[in-house]
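Sharing a structure with you now.
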Amino acid sequence: ADIKIGVAEALSGGAAQYGTAIRNGFQLATDEINAAGGINGNKIVLVVEDEQGKKEDAINVFKKLIFQDNVLMVFGPTLSNSAQAADPIAQAAKTVAFGTSNTADGITSIGDYVFRNSVTEADVLPETLRVATKHANLKKVAVLYGNDDVFTKSGYDNFKKALEDAKMPVTTTETFAKGDVDFKAQLTKIKATNPDAIVLSALIAEGAPIMVQARQLGINVPFIGGNGMNSVKIFDLAKGASDKLYVGSPWSASNATPENTKFIKAYTAKYNGAPDQFAAQAYDGMYIAAQALKATKLTGALPADRAALRDALPNVKWTGATGAFTFTRANDKAGKPAGYDAKQQAIVSVTKGTQFEIEK
Amino acid sequence: MLDQQLVNALSLGCVYALFALGFTLIFGVLGVINLSHGAIFMVGAYAAATFMRLFSLPLWMGLLGAFLFSGVFGLVIDVLVLKPLRKRNAPHLIPMIATIGVAIILNNGVQAIFGAENLRFPAGTIPDDALEFAGIHVTVLELGIVLVSFVLMGVLMLALKRTQMGRALRAIAESPKAAYLVGVNVEGLFYMTSFIAAGLGGLAGVLIGLYSNALFPLMGQPMLEKGIAVIILGGMGDIRGAMLAGLFLGFAEVLSVAYIGSSMRDAVAFGLLFLVLLVRPKGLFGSLQERKV
Amino acid sequence: MSGFDNFWAVYSNLVLSLGINGLLALSIWLTLACGMLSMANAAFMGLGAYASSILTLNYGVPYPAAIVAGMALPALVAAIMGGPTLRLSGVYLAMATLAFGEVVRIAVLNTESLTGGALGLNGIPQLTQWWHVLLALVVTLLVLWRLRRSKVGRAFEAIKEDETAAGLMGIDVGRHKMLAFVLGAAIAGLAGTLNAHLTFFIGPGEYGFNRAVDILTMTILGGINGLTGPVLGGVILTILPEMLRGLGGFRLVVNGLVLVLIVLFLPKGIWDPMRFRQWFGRKGEAA
Amino acid sequence: MLELSGISRHFGGLKVLQDVNLAVPDKGVFGLIGPNGAGKTTVFNLITGLLPPTSGTIRFDGQDLAGRKPFEITRGGIARTFQNIRVFKEMSLTENVIVGMDAKLRYGAFGLLASTGIFRSEERRARDRARELLSWVKLDHKADQLADNLSYGDQRKLELARALATEPRLLLLDEPVAGMNSSEKTDLMHEIRNIAERGYTIFMIEHDMRFVMGLCEQIAVLNFGRIIARGGPEEIRNDPQVIEAYLGREDDEATNEGVAA
Amino acid sequence: MSAPLLKVEGLKVSFGHVEAVKGIDFQLHEGQITTLVGANGAGKSTTLLALSGLVKKTAGRVTFDGQDITGLAPHKIVSGGVVQVAEGRATLTTLTVRENLELGAYTRRDGAAARAADMERIFTLFPVLKDRSEGLAGNLSGGEQQMLAIGRAMMAKPRVLLLDEPSMGLAPIIVQDIFRTLREINKQGLTIFLVEQNVRQALKIADRAYVIETGEIVLEGSGRELLGNPRVQDAYLGN
């Protein structure tokens, strides 16, 4: 029989850019898996729903997928906010909720049915900072982040911690808001403090103009970016101003492992554009789920199958586009074991010309 | 640093003002807060980027194309949506709600066609490097935005103040019935206003789109909220008011980043707007509109 | 599973959202009823949601008490800011209340230790039962219905039409506007509380400009000449996108199109008793 | 009953009223006439608190009205109609009138929410009273129509009924018969006389001389913001200053010529 | 008699279910003053608005100077020469007095000099307007606004002037002035259609008069005839 898997991502609204990339990643992996014979002969069927990046819709979509479409597990939602609202639904229904793009703290504390393979930046950023400090000889940095968005704000929190741990002096901390087009006021202020680098927690739509405008103001120091900046789009959007951006992530467009090369090639062929980290993580997420499914005996009784899948997932070890992957247990607020986070190695790379060059 | 910040403020203020010009025009003449203006702005940017990419056109052609393309959109919206509502004497908030529907259609339509990813103008559309005068950095684009917004303001103000058509537009703004009585082709001027206002919106879309150079379907939304603040603070359909209010907002934002803290920027800017309204309950140029009891 | 249980499992949240959105629409109807275009109700909703969630989440306050707090805080804030603000009229009031909403949003972003900042509050206990929403809606409707039928309702309408003339009829315009504003804030706060304790999570982005516009749309689309309109508007705008799910990529385009069409064909709102009368009248004539 | 002393009002450089002294006696009909733009409506606006005077005091029943809000002044017993009609267009005639009774309806929040007996009897009283007032101005047969559908003249009458609903002791009428024809004016004259006989004091602005002369016991004439004459109808009619500024010569040759031509 | 300049046949206007004008016929002859009198709500203003194209005609036909103008847009009617001074004046309060007058000439194409000359003529007619020409029209008193409205209509160089209660709210001396002015401009060849509540004055200067009651024309005749008609005396002159 077909194996139904729910996909709840933001395909419209402000987060659609990420939601569509994620959906593409799932679709690509699913097609490959099915073409290779499926899961022990059964095909994976995706049930895709748009959750618009809104929490109410995420809840509605989760309920629909779980109770009406009777899917075996649910991927998504796109944004951490929506996950905070929707994952408890899956937890209560004893169905796996697998996030591939939720990076905020505390998502996996919701319960033992909550999984994610998106690396929390807590693991990655110290490494990025360390490499950048070494290569660019940093003594002090300025910080700039989007303070009204979960993704960029939790990125900032991790940067802050990493900077404190590294005892790196911060000259000034500035913020911007989603949708801003002008960042010169903040950048002028940063420039006056003479930092050796700017630590930037932003998504590409703001991050690219920030880099351009910084260069226009005569700020030529390196940028250290989070997950959101890890996209080849930077070369297009910040053309001419994209050099010296350090990013750290398990996935890099320039990482030439066979798995990644295959992924990038297949994705580019299918969707007519280069993949980003969101797509890569979704792609790997589907393969991880497939591994667990292969190890599960599906009986056709939904509750039992869902539970079995959950039990199988934590044991998956997989090497995909984002490198070697295993799960690690997270704790809930009371400190008791709850869901599962990703455990992966970060690759730090820096932009030069139109390429990410791997620094480590 | 202050001198650079003042320059930053001027150019940001002009960005807001530029967006507000068309917005306030349609607000003034049709009496509609056109919530699809943000979407029109986006359509203009997408149109120019697409034309320029497809046909390798220079910027001025892109601007012209965006003006015409968005203008036609504005005209179509007027004919299909606003005009029937005028005919039916719809209560005054209804057209605004209709424009929300239009915005939803445009935003999602563009996304369905172009996808949600960021788009940009062809490289080299406008020189990226900044000019430097005595330590102050300005780009050609910023100069252009400042220039264009002031020139447009001047032209629009003159047209409204000095020409018979301008008087007719102001007459319509106050009372379409009175305008009819003096023989003004009210419907015709409504069309024209919708066309020009939307055209200006598209123009602003291109220039401001170039500023961040990362276009996306919802790029008009953040501008919309600030635009509303600007046109209301400036006073119903008051071009000079919109310009001044735009500059006010720009300066408030930049100076609060410089001296108070960037995380308080919007709170300071909107808090100031709030205070201004308490002192001048009819906006900056409110006294002009006071009516007799 | 019986048909209803199944339906309820899938759609309970949606159904409760209908009620909550109905409350929101009513909250702004109240201010519109006396001629005030206030865009602050989204912010009041947020204040209610945050106040009550902080109480239940961090202090284990019982739900009823949290509900009271979730209504009281926005009402109090409304009373304080109403004094200077309600002198403004028309779009100027809209602007000032929008600015207020923005200030609230930034305040939430900047008080991280209390509100969680941009990350919001999560793990809010799911305390809202279906009957809470139903009860809230029924009581609100009853109160507003009584108000409407009384001198207060008449005074609201007089103020809406002509403030000066209303004042010269001996109506204390300021007090009535304040009443509508504060009561509207309390209802919005109630809606916020119920919503927060249904969705596990709240964040500052939910109570901004877009929500303010949404609420206004529901009410105006539904029709402001009565209480049925706002509730109906809330219901339709909530259900419509769900019903269009089958359409895929263009579903929101269709959603917008439906909105425009409703406005075009029912410019006084969906619930327009006059139009119904006219329709029936015409039929009567034709027969 | 009403006393204006030393009242001035300026708008920017424009001195609309200058040192106006007026006393409206208790009971009866008092008239204020004067050329267009003389400042008559402004006098009403000052009395009802819509505008503050630049200088001077206004006393009603011996009390200074300075700083009182319009609604307080109305509740104190002064009601008015407007030169540019301001009825509540979307409401029925009955509702229009009941709005005027707002302050007089005695039921509290509880009565209202629970629909108590008091609530119902008060509402019924209001309805009956509204109908009665409408009948005073002969509009009771249109009681349930929307005010917007009334013609100009009827809207003026509605304003009158609505003003009466506030139970004023002093009624200010700003051009009550503008837009009516002679026979309608005659009707309304009777109605206003009846109202005056019921004990209301009436202070009226009007340009129709037959109407003014027929109703008012006392008339004041305002010209360029100053009172230029005061007295009974006969006195005023023959005051050369008033003729020069306001009345003109009754039987002017132009119209006669017209008929002859 | 010459062919009428403006001819109305079977004009009907309804608002929803209410038929305000129920099929009326009348004619305006060139160079004459024609008046329409009737009680409040009889349908006078509605008739005028229908002539100007501002309310929809349910039925009927309007010919002006031999041409059918029934379905013409309001601005075409004005530029054709049929100009109205509406009830309630419709002054543009946010424009200055001068701008109001200039707008009156909106449909004219005969050069600034001619317009300026006309403006001077109006200033002689109504000197107040000259004093206040740079002030906002909204700050004029009621009577001053009425003068402005008439002045504005005359700026359009109309061939037919439709007046809806021009004497309303004016001081007696001004009313006399206005009627004198109407006579004067009529003598200069302007055709006038006058709706008035001041029935006596209106009938005195009218060449031809119609009486309208609840949407129907019930009497017509020369002004002097109707002035002597007992029914008119009874209903409108309030003897």
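We call the chains A, B, C, D and E, going by the order they appear; numbering starts again at 1 in every chain.
As a working rule, a contact is a pair of C-beta atoms (placed from the backbone, for glycine too) under 8 Å apart; a residue touches a chain by one contact, two chains touch by 3 or more.
Computed from a predicted structure; not experimentally measured.
> Give me the step distance from chain A to chain C, shortest route via touching chains only.
1
> Between B-C and C-D, which chain pair is linked by more C-beta pairs in contact?
Ranking B-C and C-D by C-beta contacts puts B-C first.
> Calculate how many whole Å lie between the centre of chain C and the centre of chain E, each centre taken as the average of the chain's C-alpha atoms.
Centre-to-centre distance between chain C and chain E: 49 Å.
> Calculate how many whole Å lie between the centre of chain B and the centre of chain E, each centre taken as the average of the chain's C-alpha atoms.
Computed from C-alpha means, the inter-chain centre distance equals 42 Å.
> Averaged over CA atoms, how far is the centre of chain A from the centre of chain B? Could you give it in whole Å?
Centres of chain A and chain B (C-alpha means) sit 36 Å apart.
> By the touch rule stated above, which residues of chain A touch at least two different other chains?
Within chain A, residues 12, 147 contact more than one other chain.
> What are the residue numbers in chain D that touch two or more other chains?
Residues 50 of chain D touch two or more partner chains.
> Would you give the residues of chain B that are in contact with at least 2 other chains, written as numbers and ranges?
108, 221, 263, 266, 293
> Name, in rising order, each residue of chain B that touches chain A in their complex.
Its residues touching chain A are 1, 4-5, 8-9, 11-12, 15, 108, 111, 115-118, 120, 123, 128-130, 132, 137, 139, 208, 211-214, 216-219, 221-223, 253-254, 257-258, 262-263, 265-266.
> Across the complex, what residues on chain A touch chain B?
Per the stated touch rule, the residues are 12-14, 16-17, 19-20, 147, 174-182, 184-186, 188-189, 191-192, 204-206, 208-209, 212, 215-218, 233, 236-237, 239-241, 273.
> Can you name the residues of chain E that touch chain B in the complex?
52-54, 73-75, 77-79, 83-86, 90-95, 99, 102-107, 136, 138-139, 152-153, 156
> So in the complex, the part of chain C that touches chain D is made up of which residues?
Touch residues, chain C against chain D: 143, 146-147, 150-152, 154-155, 157-158, 161-162, 164-174.
> Flag every residue of chain B that touches chain E in the complex, lowest number first.
164, 167-168, 170-171, 173-175, 177-178, 180-188, 288-292
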